[in-house]
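Shared between the two complexes below is chain A, which pairs with chain B and chain C, respectively.
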Partner chain A sequence: MGPLSKLVNLYRLLSNVNNQTKHLPFTTIARNVSTTKPNYDLMEFFDDPKNWGSNEVKSGRSWQKDEMRLKSNEDLHKLWYILLKERNMLLTMEEEAKNETMLFPSPERLDKVEESMENLEAVVRERNKAYYELETGETGERPGRVETGPFGLKFYYKMREYKVPKHMNKKWQETHQFYKHDKDVEAFLLKYGEKKFLSKRRQYKRDFNHVIGLLKRFPNMDMEALKQQYPDVDIEKAKNNHKCRGHFVPK
Partner chain B sequence: MRISNILFSRIGKWSKQYANLPDRYIKRSMEQVYWRNPKGINYRANAVIQRKKFYFSVHRPWTAEFRNDNAPGVYRPKVFVEPVKEWNFFCGDRVEVLVGKDKGKQGIVKHIFEERNWVIVDGLNCKLKQMGADKKREFEGIWMQEEQPLLITNEVALVDPSDLAPTTVEWRLTEAGERVRVSIRTGRIIPMPATASQTIDYKSKSTYKEQPKDTEGSVVTEVTFKPKLCTFEMDLMDKMGIKEDRIPPKSYWY
Partner chain C sequence: MSSRWYPIYQKGGPQLRVFLPNFWMKLVKPKHEQPPNIVQFACSMEMTKYDIKNYLEKIYNVSVVEVRTRIALGKTRRDPGLGYIVKDDDTKYAYVTLPKEEKFEFPTLFPKVSTDLEDYEKTIKQSKDGFKAYVDRNKNRPGMPGWFTI
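What follows is the complex of A and B.
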């Protein structure tokens, strides 16, 4: 398609916006799930004027996975766009509130919408995975593997699809560095391991001292609850510590 | 376990239930991130430096008051909170105060603060608080009564409904398999108050007022899913009449 024909198409698209709205496929469905009226103009990026400047906009909870599992693929597809529009609207309102130095009411709405979108994606993935596992014996998900990075630390490498094989892809070879044996890296890893070990030991010591503090303050404490909260700490050892004793003469 | 998750786990289950907020919002609103590692080749990818020590009080972690209490650079002395195996006190419970000037009086639990093992009993254990005092105008302000929190471990006790005396409780299973609180002294069940499940948005689930953007319950529970041997994309393309018979060129995954 040449640039001129693209422009002509764009012009047609823009001039036909009002006519097209009548034939948009999701008018009926949108009403099925959400009661907001579609306007098909830029004001759809903004909240209902009633909510402008309000302190709170109440909303229900997010969609759960179990509820989405009941819905057909078509419904999920529609729901995705409803959620996407809502998210766009909320992000616009957040930005607008920031620009106007005003309060963005009920910011938890954004989290509710995003949580619903995550759940929806998970359900769609679940369905696709079931199909691919049945038909091909593979998950059909984006493949990946655990790799060792240039600093000798392991990470999960997500593979990508390329037109040319690895040995021909110079740019990939430059940007993707993995571990090769290196004396300096070995020395670094040794020190890094030591650092991790020390921080772990410090954490244990901190917990141990905290348990001593608890035992000192609450001698009649529920020991099972203590054990549950601090499973790694040796409570018998902590009890024998001299710091555990309260400020009184033992009988 | 990540640091943020550890912090988050300190917020009590019932505090979250009362707030009726998504977990990720609570996490987002309370975290104070000082540094996040940029993307790229880092020896520690996704490393975050953030505040680890928070001071919990009667202000909920997602409020401005909490942020004020825990302003960047403000640290308070460490508070030792006695570990409790199971939370027994709920909003609407009748409890007896065991200490202070209201010792022996019974009242109804108004708020619970699991992070500190606190409950606030309606109208009991009050302190006078001076508000709006102005020395210039010689106005002494107004005095308000404010309920002070009580520790659940030794300052309040649940009241047995059979003899209206304080008692210790235990969680047991009924024959129907329901978990209930049972008074150890008399063996009577202490019923769960109706207000236990209330949130800041509604008193009970049945009295919830639908908001304009809520999806109706009947629409949510309606089953439209029909099992079919195809993927999500294949199904949609089929429904929309999109035909795709091009053969993709050879590609390499690495």
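What follows is the complex of A and C.
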């Protein structure tokens, strides 16, 4: 096929496409497209001038996860930048208000934007996970494991990539002496466990005494609610305590 | 892999793409007077000069000639109550040079509170009206204290 015939074919194809679009009903082509021109400027770092110096700026709620699940990846990508710019704007306004010792109007806007950003990232993560599970059978999340630290305490270690493998990296092996269960660690763990145990016991004692006080002052209160609020406390035992009894001969 | 975890860069590896950057930048009023085409920003600590240039060019469509950065040490002070030492966070500042012909002036976001005679009279009138309303309210119960009302 010569270049000329190729061109002719291409022309036919394109003209065909054009003809088809002509016959389609209008509603299938129409999309809700925002026609406002984005204002690319340094002034995007500042709020709308009519909000300058005002005491309150009205704003809607944050983006929910369910709403964002309906959106395409492309739309979410655009939304991320809108939120990013909004956050930058709010941070700028907050900083300037702090400098001028003036009121930053409606600071909850920042929380709303941050919540939206968190939700967006959660949705992207969901999609990522679904994709990876479909393609590879794994979640694609960052792998991790529980490690024992130098003091014998367990922590979650998020794994990451290294240029040199561990078993080949002499210097890393020298500098990173890991957990060794020796005398000092044992002594530390004993004291640490004791401390935790004592604090737990004190907490129980505190709750128990508080329940006694409550029973003394309000003998006819809702026992179910009390049980719900203090599940660890033995309420029958607390009732029999001498501190709980009033100054009268029990029936 | 997940959206906030990037593979380590090896020589010859593909270029990393950041799809959801979470860097922040705020435009701050410079403490000392600057040339008209220099803008000061506070930004995320992790941002490099290249990040700042790309951020402004790609997201805000602002042409950047040069970026200089510095890290300001956070203030160290004593806690007024218990006396332990508190250190504020360090801040990264970026001085961004715009092209020679462009100018940027930091706007006055908080217009000065006017202390005109008109405002003074307005407040006087307000307090007078308030007192009159108070007197009217207590017309039928003389001798009753001002806080008492039903």
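The criterion applied here is as follows: the second predicted complex is superposed on the first by the 195 of 251 C-alpha atoms of A that agree within 3 Å, B and C clash if a C-alpha of one lies under 4 Å from a C-alpha of the other, contacts with A are read in each partner's own complex, and residues count from 1 in each chain.
Note that in this section contacts are C-beta pairs under 8 Å (C-beta built on N, C-alpha and C of every residue); 3 or more make two chains touch, one makes a residue touch a chain.
Remember, it's a predicted structure, so these values are computed and weren't measured experimentally.
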| item | value |
| --- | --- |
| First, second, both or neither for A:141, with chain B first and chain C second | second |
| Touched partner set for A:69, first chain B, second chain C, both or neither | first |
| Touched partner set for A:93, first chain B, second chain C, both or neither | second |
| Touching partner for A:165 - first (chain B), second (chain C), both, neither | first |
| Of chain B and chain C, the chain that contacts the larger number of chain A residues | B |
| Touched partner set for A:212, first chain B, second chain C, both or neither | neither |
| First, second, both or neither for A:77, with chain B first and chain C second | both |
| Partner chain in contact with A:233 - chain B first, chain C second, else both or neither | neither |
| Which superposed partner A:42 touches (first chain B, second chain C, both, neither) | second |
| Common interface positions of chain A, toward chain B and toward chain C | 77, 124, 128, 140, 160-163 |
| Contact set on chain A toward chain C in their complex | 40-47, 49, 52-53, 77, 80-81, 84-85, 87-88, 91-93, 95-97, 99-100, 102, 117, 120-121, 124-125, 128-129, 140-142, 160-163 |
| Touching residues on chain A, where the partner in the complex is chain B | 32-36, 48, 58-63, 67, 69-77, 86, 107-108, 110-112, 114-115, 124, 127-128, 131-132, 134-135, 140, 143, 149-151, 153, 155, 159-166, 172, 177, 188, 192, 210, 213-214, 217-218, 221-222, 224-226, 228-230 |
| Chain A contact footprint on chain C (complex, rising order) | 1-5, 7-8, 10, 19-22, 24-29, 39, 42, 59-62, 104, 107, 109-111 |
| Residues of chain B that touch chain A when the two form their complex | 20-22, 24-25, 28-29, 41, 43-45, 80, 82-85, 153, 201, 209-215, 219-226, 229-233, 235-236, 239, 249, 251-254 |
